[in-house]
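Below you'll find a set of structures to go through.
Shared between the two complexes below is subunit A, which pairs with subunit B and subunit C, respectively.
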Partner chain A sequence: MKRFRMSQQEIVFVVFALLFLVFSIFLNGFLTAENMLTLLQNVAVLGILGLAMAIVVIGRGIDISLIAALAVPPGLVLQMVQNGHSLPFSLLIAVLLTIAFGLVNGWLIAYAEVPSLFATLATGLLLAGLGQAALFQLDVVQWSPGMNGFERLGQGTVLGIPTSIWMFAIACIVVAFLLRQTRWGAYIYAIGDNPYAARVTGIPSRPIIVLQYVITALIGCFAGLVLAASVNSMPTRIFNSTLIYDVILVVVLGGIGLSGGRGGVLNVIIGTLLIGTMLNGMTIMDISYAGQNLIKGVVLLLAVITDSFLNPRNEETAQQGDI
Partner chain B sequence: MKHLGNPTKAIVSALALAALTGPALAQQGLDEPFQKPFKEALAGKTVAYVPVAMNFDLTEGWYAGLKKELEPFGVKFVIRDANWNTNAGAQAVTSLISEKPAVMVVHNPDVQTYAKLLQRAENEGIYVIQINMGSAYRSSAFVGANWVEIGERQTEGVVKACEGKSNKIAIIQGALSAAASAYTLKGVENVLAKHPEIKVVSSQAADWDAAKAKAITQTVLKQNPDLCGIVGFWDGMDIGTAAAVKEAGLTGKVFLATSGGGERKGACELVKSGAFDLNMSYDVPTQAAQMAGTIKWLLSSGAKPGSIKGSEYTTLIPITKENADSQTACWNLSDLKK
Partner chain C sequence: MRDTLTSLRYRYWPDHLLGEILSKRWTETAIPVILLLIVGFAFSRSIDNFLSPASLADTARQAGEIGFIALGLALVVIVGGIDLSVGSIFALTDFCALYLLDVAGWPVPAVVVATLLCGALLGAVNGVLVGYLRLRAFITTLITLIIYRSAYDLLIQRYSNAIASAFPDIPSWDFIGAGSVSGIPTVALVYIVVAIFGHIFLTRLRPGWHITAIGGSRRSAYNSGIPVRRTIALCYVASGVLTSIGALFFASRLGTVGGDIGVGLEVIVLTATVLGGITLGGGKGSVAKSAVGVLIVLLITNGLTTMNARGGVNRMALAGILLIAAMVDIRWQKNRTRIISKVYVAPTYHELPPPPPTEIGQGGPFEQNDKLRNVEAIGLGRIEAPEDVILDRHDNLYAGSRHGDIMRFLAPDYQKMEVFAHIGGQPLGMAFDREDNLYVCIGGMGLYRIKPDGTVEKATDETNRSMRSVNDDSRLRLADDLDITDDGLIFFSEATVRYEMDEWPIDGLEARGNGRIISYDTKTGTTRTELRGLKFPNGICVASDGQSILFAETFGCSIKRYWFAGPRKGAVEVVMDNLPGYPDNINLASDGNYWLALVGMRSPSLDLAWKMPGFRRRMAKRVPVDEWLFPNINTGCVVKFNEQGKIVESFWDLHGENHPMITSMREHRGYLYLGGILNNRIGRYKLDNADPNFVQYDKRWGKQS
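Let's look at the complex of A and B:
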């Protein structure tokens, strides 16, 4: 069996390659440069969110409040500009709000030692509720003339490639650099692999955990700005959608185990590509909504089942928090 | 000619008499016999409002309009926000039945969930007014848009714009579980049945989500760059559809029809900018006024709840480039809240 052992990342990559091949052969108009760009563009925001989630998951945490960070600070920018504030000032306030939010998350998890799942579940509700009750007039915050020019973050092309793909690429490079080239990144892996050992060896684990959540919230806010720019509005109700599951799916499907300490940017890219290919192909085929859900479910199940056959859980790999 | 002078004199003297007695009558005043019972019928009554969620233009507009019309008459206006949660809404309706308000204004999330409850409410003596989204139960009044008509008129607009072009259209539906979406689709089908030359290249649900609508539209436009029209089901979602059309450089070439409540930023501004070509508005302030009128009529009529039933379908306002600049085509939420 040893010869066939593949990591989940490789399995998902094979599924993606097969799917891509089948679509390319049988689906007219799939394998064109334009459609490839559309495919990537459609999952760029999901990919950026996947990167944000990857950082905390590698550090053996999870951030359910990510969609609140995506919706509320960028929504605040649009609302403030609509109310007559300048764009730079609004952006500054939004970034400060995001950092404060990340600090609250990090403090709860690192110092108050609340499990990340519960802490971020609560803070996400809090932030979304704050937005609904105090910050926004309506669920959908509309674009206003003061925002003109800012839509380039999510619309248009640079060198023939849509800007949201560039944004995803930039986010990939930044996160990859952070995780692989900096000491902080190494600490995140160490904490995710074994938090107790990390602390014993003198890693400042609590500040690093706080840092993870601040960075995650900031990337979430960035994804929100790209999203708002690309649809010319901020539908803040997105917090109530199932987007967070898609994000976790991208991360886990890509092979970043929820038990922490494993995976990287490449895994997020593979997970994102698989989801993107499925969505794009099914839209071209004009498959009904129910049919799409069915196919998505079957493909994901296949990937997970294959993984558990080829890489059975044992005492070493099964850790607290592993799903 | 002299004999004609007498009647003239008589008229003049009669007028003089009237002038003398007139002020005397006015000083006494005349009681209008119906206003007092009307005021008594409204004062201290409770009207409960159960929208599917607050914080969006439609429900905020209805709320502001109803409040403005009813509170001056001493009506207590309470709100139970279901916040997109069908269960929470059903619970709110159930607890309201025991609280016995005089009137319930209910915005159904779907056709079935509240139907039995609303029937029970009317049996318990509560008037039920259903708004914009009706249930299977027909209550005292329905005030709202005719979704089938909206679908028909949007599609007619698209079909007309497609004349002499590719005849390829796309449909961006809302959420599959929402009856408003299904009814609109029926309207679309009604028109398409009369136009076999039109080819629907894509008909997908975007879950009322602008980002999903954009993703679907982008893919569809890449596959069919000669698309001539899109029927979208809600302006809040079709901002995304419009963004995809704009990015493809096809604004003005692809006719985009949508619908909504006619709030200025979400409707007129976007029609003016060219994002939408047609926005069928169901004019929320008028709907709110009709709801308030119905409540006043029902309360003052003394009719037994459920004994009379009627509907008030909204007269739709098609917003196009021609009227998007006018003061009356759209409304501002901030003005309505004043």
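Let's look at the complex of A and C:
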């Protein structure tokens, strides 16, 4: 007898379709071309961040500092251009900063063996504090004439589709290629599935973990650039927002278990669609910011509870102190 | 000249203390305390009035409030979790208190109870999720952080005006926030009371032990029947309640419900907890650590605020400290044993003159021969590690074994072997008292008494603790050999106070005077340390005069005499020094002389290394243990010496086949019985010209029917 069981991503997709349907029917102004465009625009940055988070979550880690990587290096680009540096030079510095940040994260987690949640919580604060204290003059770094042309990264359309969606698509393809077609991708899955087994089979697990966090930080920086380009500024206070919860929601709801080794780009896309629709619907319904956070928090909690039942922690490989 | 300097440097500089201090549990608290003193000193020098009474009282109020939250977090971290939602619980309970007081107009006691209940409820949500549903603590409390925070934001949107416009004038409420008892703020006072209870709770009460046990190993705790899920859940509840206590004081002090109350508080508290030395992942931590961590973090953040640092700097400083503290803690917990074992070995300068010759043809009392070649073997392959051998008045032979038993070989042919008594530790030296009780030194356990019927009793396992020792030297680590005086005083040697039984060769590598001689009075049951600072004291024998004992210092390569009675009471005199080997047990011979076993012979390489402490320390740090230079214990001999310290005769086994090592020998009815701690047999050697009726304990205590 063939059991009728749907995989998590199918369930989530059905939920998304239902939600979309309900919103379309009951919510005025949801199913308009204009709103769809906004929805997709908003979803793009979230989706790119989701991809970044997916890489570390598949490798049995988590990166809370992603929003700092999103806010600070792109903010630095804008600030440097404002101060008169050239755009390519500023980009280079920002990328170097991002790589350094990823290396610090990776080193702390892989070599100093600090739990990933804990390490990235602190490094995120460190980077945000650095930006606040030393890099930026104002909380919102403004667009300057030197940046002209760069806004096309986040604005306008190509072949009728918003550029930011293209960026999301490109990021999807790159990450999918990395995870599914390269040896490093296979290593990430192996480490996420069972770190000890991966290590004894000879996988260079520590360098691969460092690599994960560097790639994640770079993707985060890319998402920040897209965000800055689409709103023509970099609101660095975004670090204090609840964006990171949205990203975790995307990943967990999409079906990438927090215990690692499972999921892929498709899960991120589905999760992004669901969360994007939910956020957009709540905005149209004019739910206050705090109310939205409350709803998101409860949904995330339910998702994590469900996740812990669907992908229970492997007692053999769960570390002592794996909090 | 150089040797003199080296010897002075190693005599007066206490190298061994570093390892001993590091292996103490309190160093993990001492390091944050030192850090606190440094931070306090640095800020008091760079900021005026930093330590003024007003400023201190203000710091104490903040420290009390944050201290409560840190106590709760400490509990949760010790049980193996983490609670990031404390900042939001703080905000919500602050709101709860102010709403009930200002808007609902409840009396103060009711407000206090309701606020505590509110905190308990919010903590219980975490507790159920983490404890019973077994979610990941970090992510779960991160989510409840945002849920509670948004609930708080929704609530203050509606009620902040009502709360801000109310000015309740209730003395008892103000006393909570701003009052003080003889200069000490109320909050600090309450904190001290709660902290003292918390300390007793964690270290002395059963639930506290359960918490530590679960944090140390969740599975073992579960297997030993501790209610793991309930205990974890209750820790989160406690965290909620403690946070709400902090919030109560905060509410009564400031009376506001601003939007940013409690934002980032979890990072401050977490930094304090980790900086205090409470291990992430659980199992280790104390109230004192939590308090010290809070003080350090508060001094730093307040200092930075006073110095007008930008907001980002404060954030960076906290995050940086948090990271470094966590890193140090994790590395230390992981490598603690390895680091300590590396620095623990502290060799010292030890010089011996060139040994007397032993080679055939060189002459001298130690000249090698092959007398022990054809000894009879008793219990061959049936006994393991008979360090000492002894015979009772009925000619039965007793020996210790590696398995923690005293074995008895029955006279007359010594073929039948039986377990006389089971003790559990490795039996070393043995002696019979007047009533035929067998006293045995047990390595790692102490001095034990076995009655003639085989019942085992503990005589003593502790002595007075010396005040100047860092290691607790009150417990006996390696009781080695003993003898009993006519007055029933037992003198026994403890070879080393720095190493366990299985590490005894390392003490030889160190060549420090770590051993001592201890007396146990069989009449009063008291134990007293007689002599300290001996280089591996080993064999002990009451001398014929009845007023002194002879004892061997194995790595001092000497025999000394110690007067315990008579006119020279308390004096120590060298009987023989510069022996060619490492002396072990000493026993009476039938002709009034003494038998002495040399467990191994000295080698020029170790003699030289003993003069080079730096070399031995480098070796201990860089070379794996099994490749260290250890004293040779593969060839030995038995010698007989007289009261004046002159060697009369020596017995060798040139080929090392029968007795690779000899640690003990006992003369009985014209035979010499030989034991060795690495041997699988007991040797029996026929002595020429010996009294065929000599029975040591008949001679010692008088004949008995």
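Basically, the second predicted complex is superposed on the first by the 260 of 323 C-alpha atoms of A that agree within 3 Å, B and C clash if a C-alpha of one lies under 4 Å from a C-alpha of the other, contacts with A are read in each partner's own complex, and residues count from 1 in each chain.
Keep in mind that, in the parts below, a residue touches a chain if its C-beta (ideal position, glycine included) is under 8 Å from a C-beta of that chain, and two chains touch if they have at least 3 such contacts.
Quantities reported herein were computed from a predicted structural model and do not represent experimental measurements.
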Which of subunit B and subunit C A:Leu253 touches, first, second, both or neither: neither
Contacts of A:Ala134 with subunit B and subunit C, given as first, second, both or neither: second
Which superposed partner A:Leu301 touches (first subunit B, second subunit C, both, neither): second
Which superposed partner A:Ala217 touches (first subunit B, second subunit C, both, neither): neither
Touching partner for A:Ile269 - first (subunit B), second (subunit C), both, neither: neither
Which superposed partner A:Ala290 touches (first subunit B, second subunit C, both, neither): both
Subunit C versus subunit B, contacts on subunit A by residue: C
Which superposed partner A:Val77 touches (first subunit B, second subunit C, both, neither): neither
Partner chain in contact with A:Val114 - subunit B first, subunit C second, else both or neither: second
First (subunit B), second (subunit C), both or neither touched by A:Leu153: neither
On subunit A, the residue positions that both subunit B and subunit C contact, one per complex: 132, 289-290
Partner subunit C, residues of subunit A touching it in the complex: 62, 64, 108, 112-115, 117-119, 121-126, 128-134, 242, 245, 248, 258, 288-294, 296-298, 300-301, 304-305, 308, 313, 320-323
Parts of subunit A lying in touch with subunit B, wherever the complex brings them together: 29, 32, 34-35, 38-39, 41-42, 45, 132, 136-140, 142, 144, 155-156, 162, 227, 230-233, 235, 237-238, 240-241, 279-280, 283-284, 286, 289-290
Subunit C residues within the subunit A interface of the complex: 80-82, 129, 133-140, 142-144, 146-147, 149-151, 153-154, 157, 217-218, 267, 279-282, 309-320, 322-323, 326-327, 330-331, 334
Residues of subunit B touching subunit A in the complex: 53, 55-57, 60, 84, 176, 201-205, 207, 209-211, 214-216, 218-220, 222-223, 236, 239-240, 242-243, 246-247, 265-266, 269, 275, 333-334
